[in-house]
Structures are given as structure tokens and as C-alpha cells.
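Some structures to go through are shown next.
Here chain A shows up in two complexes: once beside chain B, once beside chain C.
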Partner chain A sequence: MSELLQYLITGVGGGCAFALVGSGLVAIYRVTRVVNFAQGAFAVIAALTASTLLATGLPHGLAEGLAVAVGALTGLLVGLVAIGKPGTPPGAALIATLGLGVFAYAVEVLIWGDQPRSFPGVPGAVEIFGARFQAHYLLIIGATLAVFAGMGLLFTRTDVGRALSACASNPYAAKVVGISVTRMGLVSFAIGGALGGLAGVLVTPIQLVTFDYDVTLIVGGFAAAILGGLVRPALTLAGGLLLGVAQALVAGYGNAAYQMEVALVLMLAVMVWQAARKPIVQEETA
Partner chain B sequence: MSEPLLSVESVYRSFGGVFAVRGVDLTVAPGELRGVIGPNGAGKSTLFSLIGGQLAADRGTVTFAGDRIDRLPAHRRAHLGIAIVFQGARIFRGMTALENVMVGAHATTRAGFLRGTLRLPPHYREEREIRQRAREALGRVGLADWADRAAEALPLGQQRALQVARALCGRPRLLLLDEPAAGLRAAEREALAQLIEELKAGGLTMIKIEHDVAFVTRLADRVTVLDLGRVIAEGTPAEIRADPAVVAAYLGTAA
Partner chain C sequence: MRSRVVRWLPGVVVAAGTLALPPLLSSGHLSVYILLGLAAMVTIGLSLLMGYAGQVSLGQASFYAIGGYTAGLLSVHSFPPLLGLLAAPVAAALFALLVGVPLLRLRGHHLAFATLATQLILLSLVGQADWAGGAIGLQGIPRLSVGGYEFAEDISYAYLTWAAVALTLIVAHNVVASRSGRGLRALATSETAAAASGVPVGGYRLAVFALSAAFAGLAGGIYAFYLGYIAPGSFPVLLSIEYVVMAVVGGLGTLWGALVGATAIVLLIQVLTTIGTQPGMPSYAPSVLSYAVYGLLLVVVVLFLPHGMVPAARRAVERRMTQTLTVEKR
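Right after this comes the complex of A and B.
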């Protein structure tokens, strides 16, 4: 029983990273219709940046915060290359993000080398009903829930959030009411960068991060996001947590080597199921 | 006569070699309600898109409040105060009616992204003001009771009224209405006519495309008649009704 509970909590913690990466994908896809293959790189760059900043003596919190800002900036730069020119078709932008994701490897290896890095998170361990786990998991879960709640407020209670939703719903009408769809696309890339960066800095204390860790994150994040058709943040959160728990259970009772396969099987199952019901990606026919 | 608010000069636009608009001139004074009529394919909606920036003109100039705007993208023109209500449903699905109208305030918002995200006091004030303004706009078009419903759940006529409210929430200086009365029932049509009269009394400049000749001639100060992409007549409603060229090209077939 306590073993199961332990797997559930660590699974939810790991799933939060997928949910954050996935919601970054959703934030960008909704507004720009671009599947951002550089999404995992945001997390890796932020994680490696945080490790460097902490090594130079910056206090916890500030270092992670700056690293998330670097993630947002990286997102903005990727956005500028991918969609900066108005009228770039989403397919071409997708290829640009794929290229930039690979390019990010070169930059990361150049700056940080190819050895795995980590830094300490919240110290100590917690015991609930006999299940012992690192206290850092509570920070991951708490921060993720807070960010999702904050995103909900951003999208419904601010002008920028409504403008982003408007672009997602009907870009033609959005322009009519004075919204720059290209600018909102860049804002969405910055938000995606910040969400990816947050996933990176949260997950590093429980998971060694190397330059190619982005593959794990993007597969997990995509599997989470596809549950909501790449457009629903709430379902992405559910998908991320489901995937995290499934992986933790497979690792706990079976073999930890199969974690990636769990994500891929879940992703394929959702896609097959959705394709049977309706087209996965429904374009607005306005 | 005072300085015109909008001035369109010898504007051309072709699609695949066929001119939809060829050499149109149109001058609208501040506070004027201009009617634009013409048979199907006359280039009325294309003309609107050229003013609003949804289409770029091949040739010619568009001047708004003294500034050339014909090279500006659509969203910049909206910020200058040009609002369009399309015939089709151009609403934001997945958002409530009130949220749809609040989006319309984007053209007038000042609080930047950071202030909005950090939720600083100026943002709260502005957000409250926008919500209030959006409710008023919904009330003006008779949709006060629909505020919290999903926009796509509204019947088509109400979706168009929603677009009018959205446009008004942006406090436009020029409102373009593309066949606002099409498909409306008699009572709805009457309410719309009343709203347009109120807006006109408030000093708003409007251009209205209309198929229904009686409707347009009742409300408009002046009427421009398009046929095959050209202006074939312009004048007061009474002059238009008496113009033989108009009768031949348009009224004759419609009556």
C-alpha cells in the first residue's frame, strides 16, 4: 500500500514536468498552429542555466527564476525565427523549430559540455502513510498546480490572454478587432518557453539533465498534450499526470527501462482513438 | 464641407485578372451615414476589405483622418478606429458572448503585457472598465441576457449583433456594416435600424452595405451605387431612386 502511494506521488511529480512541457506545446499550437519541436530544448536550457547560476552562488529561487526567464527568452527567439515573418505556413515553421531544437544541442554542448548536471532541490524527505519520498516532489506538484491556475486567469482575465484566445479561435476576426496575430504568436512562444523552462528547473533535482534530455520531455509532453488535441490545457494536465503515474508504476513493478515506451504507447493509443472519432486537428473553417 | 474622415481614391483590386473593384472613389464626411448598394458581385464587400485592410489594393489610395492607411495591416487600421461587422459569423468560438465583446476593447487597451500579467492596479482598473463597457455594448444590441452564454450558441442574427457589440466596445471612429439586416426578422430589423439611428445621433460615422434598398434609403444620408466594380451613381436617397442608370442596373432587377 505505502509502496503504491509512493509510486503515485513520484509519478504525479514526474507527470507535472510532462504537463508543463505539454501545456507549452498547447500554448504555442493554439495560437500559431505550429507543433514546436524545440519545446524540450527550453527545459534543458533553463535547467542547465539554473545549474550554472547556482554554482556561481546565486540563491535558490532567484537562480531558478532567472533560468525560467532565459527559457522564455529562448522561446521568443525560436518564435522570431519560426513565425517572425508574417504569413509563414505552420508546416514551414514546424521544420524551423525542429532545426532549432537540433541546433540547441550544439549550443548546449558548447556551453555546458555533454555530462549530466543536477542541483539540489528542496532538501529532506517526507513520509505520508508510510510512503517516503523527497520533499522536492511537493514543490513540483504545488508549483505546477499554481501555474495552471495562473494560466487560467491569464487567459480569461487579461486583455493579452483574451487576445491569445481570440487568435486561437479565429485569426481573421482577431485582426479585425486590432490584434496583431504575429505578435500574439511571439507572446505564445515566450509563454511556451517559460513553461518549458519551469519544467526543466523543477525536474532537475530529481532527474539528471543532459543536453539530449529534451527527447524524453518532448515525447512525454506531446503524449500529454495530444490527449486534449493539442488545444486543451486542462486535459494536458490530466494527460501529463496520467503518463507520469503510468511510468512510475511500470518502473516500480516492472522495468524502469520501459518508461519511454509507456509514453509512446499512450500517445499512439490516444491518437488512434481520436482518429477513430474525429480528425485530430480540427482547423477553424472561418 | 469639412475635412472628410475617409477618402478612397481610384482604388483597384483584381482577382486572377478579373477586377472586383476598378477605380472606385468614395469620400465620407465625419458623422455621415453612407449607404452602399449594388447587385451581387458589384464589389461592395471587396471595397470594405480594402478599407479595413483584409485585402491590399493593387492601385489607389485610402486616407483615414488625414493619414494614408492603404499599406497598413488590418490590425493597425483597427487601432486607428476602423471597425467592421461582416455578414458571416466572425465570432470567437469557445468564448462567452461577454468575452467576445471584451476582446473588442483590445484596440483601446493601454496596459501592457507585463502589467496585465503581474496584475498591477492599473490593470485591475482597466479590466473592470472593459467589463463594464462590454456589458453596456451588449445591452445596446439587446444581448444583455446572453452575456455568459457561449458565443457559438447564439442564433445567426444574434451572432451578428454580437459583432456589432464587439465593434462598439473598441470605440470606433468609422463603423463598416456589411448587410447588417440580412436574414433578420422584422422585429430584429427594426431594433437594428433604431440602434443605427442612435449611433448616428451620437456622431458615429458609418458605411453600410445593403441589399435591401428600402432599408438603406431610409437611414442613409447619401448612397453610393456600385456595379461591376465601378461607382455608377452617388447622391441622396431621393436622387438615387430617380437615377435612370441605377434603375437599369439595380432597382429594375430587384423591384
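Right after this comes the complex of A and C.
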């Protein structure tokens, strides 16, 4: 019983990272219709930045905060390239973000080398009903819930959030009432960068991060976000947690080597099921 | 008459060039030449898939891997190597049909992620399969031999590879020029209109997917015999992305574009590796340079040359020619 609880908590912790990366994808896709392949790179860059800042003696909290800001800035830069040129179709922007993701490898290896890095998180272990786990998991879960609640408030209670939602539901109408769709697209890229960065910073203490860890994160994040059709943050959170728990259970009771397959097969199954239920007619562009 | 000569001339020149080149190359350059041919084969298939069927595949290296492992496993278990080479494209195409039936319901970014996921699953399964050598890989693949002739020297592999490239080009050209090719082009422009005109959309998409997999499988089979050793690490996700870069840079949906794109990228990477391995350069220089160039090229071409190098060059030449013609008329 305590074993199961332990797997559940570590699974939820791991799933939170997927949910955060996935919500970054959702934030960008809703507004710009671009699936951002560089989303995993935001997390890796922020994680590596945090490890360097902590090594120079900056206190915890400040270092992580700065790293998330670096993630947001990276998101803004990626957005400028991907949607900055007027008339770039989403398909081309997808390939462009793929290119930027590969380019990020060059920057990461140049600055941080190709060895895995980590830094300590919240010290100590916690015991609840006989299940022992690192206290850092509580921080991950708490921070993720706070961020999702904050996002909900942002999108419904602030002007920027309402403008973002307007662009998401009808770009043309948003333009008519005076909202700059491109600027909102860039804002969404910055938000996506911050969310990705937060995922990277939170996950590094429990998971070594190398420059090519972004593939795992982006695939997990996409798998989480696809459950809500890439547009619904709440379902993304549910998808991420489901994924994390499924992986932890497979690793705990089965074979840890098959963790990755669980995420991938789950994602494929959801996508094929969605397509079978509602056949996608290719959007015609004039 | 003249236009026919003009149309065939580049092909003949390229064919003569590829035949004349191998004896002139040093052994290091010869291996680049072979790998270039193999990359071109995969890219031709991917260009067909992306340009004509309008589908992005980020898992093309998985078919390359299937071809390599099919050829390698058969010949390690002392089947005749020729059988292994012939089975490589067949196995890759069968695998594509198998995964294509569910996956090709997906479009655009969904399909891109699905093919990426397929490759990750395949690599992970192969890495855990002891009968396929596991993560260490499959060693001791014999050299290819047909009848009594053994492909022992690199130069024989160069000719084998480029013969396979020619075969790939001919098959692809005939598919594109045929009735089904016209159906495919209709499909890429508007799926709804193509379906309404009676093009069997699903079947054609699946057929192109399988054909592109067969090209990649054949290339993988030759690769296995040439190197004599394959491992899951020989087929990373980045390799699939490299093929996308080659196809996009050359120009999607043009067969020459695939050849030009593969050549341009392979030569560029070769130059960068030479620069990166100069004395005094840090050990990570070659990989940093190649990541940077792949990334930048992909971004620049997608944003500023969306049709790729070959169509852009062709249009520039045509514009020049019409200009001179109008001047002459005056």
C-alpha cells in the first residue's frame, strides 16, 4: 500500500513536468496555431542556466527565478523567428521551431558542454502513511498547481489574458477590435518559454538534464497536451499527471526500461482515437 | 527535339559524373561519397512523401534502421547476403504499411509527432532486444556477396550505392509521372477536391508512405553491409531531422531537389567537420558547428526559400531566359 502511494507521488511529480511543458505548448498553439518544437529546449536552457547561477553562489529562489526569466526570453526570441515574418504559415513555423530546437543544441553544448548536470532541490525526505519520498516532489506539485491556478486567473481576469483568449478563438475578430495578433503571439511565446523554463528548473533536482533531454520533455508534453486537443490547459494537467503516474507504475511494478514506451503508446492511442472519432479534414488554405 | 535534349542533358551529365568519380576519390572521400548516396536515397523518398503526399515524417530514420537490421540479422544468421539486401526494403515497406494504417489517419503536426514516437519506440525496443544485439549493436555482419563476387572494396560499395540511387530515382520519377502521380499531386494541393474527383486518398497516402520506407530500407541494407556493424545509436532522432533538412533545403516534391539537398548538406557538414577537427579546436567543435548549421539552414530556407533551392534556381534561370528572349524580339 505504502509502495503504491510512493509510486503515485513520484508519478504525479514527474507528470507535473510534462504538464508544464504541455501547457506551454497549449499557450502558444491556442494563440498562434504553431506547435512549438523548441518547447523542450526552453526547459533545458533554464535548467542549465539555473545550475550555473547556483554554482556561482546565487541563493536558491533567485537563481531559479532568473533561469525562468531566461526561459521566457528564449521563448520570445523563438517566437520572433517563428512568427515575426508576416505571412508565415503554421506548418512552416513548425519546421522553423524544429530548426531552432536543433540550433539550441549548438548553444547549449557550446556553453555547458555535453555532460549531464543537476543541482540540489529541497533537501530531505518526507514520510506520509509509510511512503518515503524526496521533499522536492512536494515543491514540484505545489508549484505546478499554483501555476495552473495562476494561468486560469490570467486568462480570465486580466486584459492581456482576455486579449490572448480573443486571438485564440478568432484572430480576425480580435484584429477588428484593435488587438495586435502578432504581439499577442509573441506574448504567448514568452509565456510558453517561462512555463517550459519552470518545468526544467523544477525537474532538474530529481532528473539529470543533458542538452538532448528536450526530446523526452517535448514528447511527454505533447502527449499531455494532445489529450485536450492542444487547446485546453486543464485537460493538459490531467494528461500530464496520468502520464507521470502510468510511467511510475510501469517502472515500479514492471520494467523501468519501458517507461518511455508507455508515454508514446498512450499518445499514439489518444491521437488515433481522436482522429477516428472526428476525422480531421485538412484545413484548406486559399 | 532541342527541348528533349535540354531535359535529358543534366541527367546524363550527373550519371556520367557519378560513374567517373569513384576511382578518383581517396578512401576518406569515397566513404563520404557512399554515405551521401545513401542519404540521397532516403531523402528522395521523404521528398516524395512531404512534397507529393503533403505529410511530414520525423521518423524516416526508423525505416533506415529496419532495413539495416533486416539485412544484418539475415546475413548474421548465415542467409545469403543478397537475400538480406532484397529483404531490407520489403521489411521496411511492410513495417510502414503496418504502422501507416492507424497513423496515417493523422495529419500535420499530429503525424510528425506520431512518426517521431514510432522511431523512439523502435529504438528503445531494439536496444532491449538481445536477439538483435541490444544496445551494443549487431556486430560481424559479413560483406555483401552475389554469386561468387564479394563486395570487398569501398569502391564496389560506391557503385552499388549509386546504382541504387539511380534505381530509386527511376522508380520515383515513374511514380510521379504516372496517373497515380497526378492523383498524388492533387492530394497534396487539396485533399477534399482530390477525394471528390475520385482519388483514393487513403490508399495513395499509404502507398507513398510505404514506397518512401522501401527507399530508406534499401539504403539501410547497403549501410549495414558497408559498415558491418549497426546499433540503435546509429539511427538517432537527429538523423531523421537531417533528412527533413536535406529534403526542405533541396526543395520538396522535386526529385533533383532531394539529390541536390543531400549533396549540399553532406558536403557542408564534411567541410565543417574538417574545420572542427583542426588542431586547437575544442573537442565539441564539430558537433556544435553541425547543430548550428542544421538549425540555421532549416530556419532560413523555410522562411526565405520556402520552395527550396532547386525550384528557386530553376525559376531564376527561367526568368533570365525569358528576359533575354524578350530583348532579342525587340
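By definition in this document, the second predicted complex is superposed on the first by the 278 of 286 C-alpha atoms of A that agree within 3 Å, B and C clash if a C-alpha of one lies under 4 Å from a C-alpha of the other, contacts with A are read in each partner's own complex, and residues count from 1 in each chain.
Going forward, a contact is a pair of C-beta atoms (placed from the backbone, for glycine too) under 8 Å apart; a residue touches a chain by one contact, two chains touch by 3 or more.
All values reported here derive from a predicted model rather than from experimental measurement.
Contact with chain C, but none with chain B, is seen for A:100 once the two complexes are overlaid on the shared chain.
Applying the stated contact rule after C-alpha superposition, one finds that A:132 touches neither chain B nor chain C. Legend: residue contacts after superposition of the two complexes on their common chain; A:154 is shown touching chain B, with no touch to chain C. Of the two partner chains placed by superposition, only chain B is touched by A:187; chain C is not. In the superposition on chain A, contact is made by A:179 with chain B only, not with chain C. By the touch criterion defined above, A:169 lies against chain B but remains apart from chain C after alignment on the C-alpha atoms of chain A. In the superposed model, C is the one of chain B and chain C that contacts more residues of chain A.
Contact with chain C, but none with chain B, is seen for A:275 once the two complexes are overlaid on the shared chain. The interface of chain A with chain B overlaps its interface with chain C at residues 284. By the touch criterion stated above, chain B contacts chain A in their complex at residues 52-54, 73-76, 78-79, 83-84, 86, 88-95, 99, 102-107, 109, 111, 113, 116-117, 119, 123, 126-127, 130, 166-167, 170. Of all residues in chain C, only 54, 56, 58, 102-103, 105-110, 112-114, 116-118, 120-121, 124-125, 128, 190-192, 237-238, 241, 244-245, 248, 284, 287-289, 291-292, 294-299, 302-303, 306 touch chain A in the complex they form. On chain A, the positions that touch chain C within their shared complex are 35, 81, 85, 88, 91-92, 94-96, 98-107, 109-110, 113-114, 215, 219, 222, 226, 257-258, 260-261, 264-265, 267-268, 271-272, 275-276, 279-282, 284. Put simply, chain A touches chain B in their complex at residues 86, 154, 156-163, 165-166, 168-170, 172-181, 187, 284, 286.
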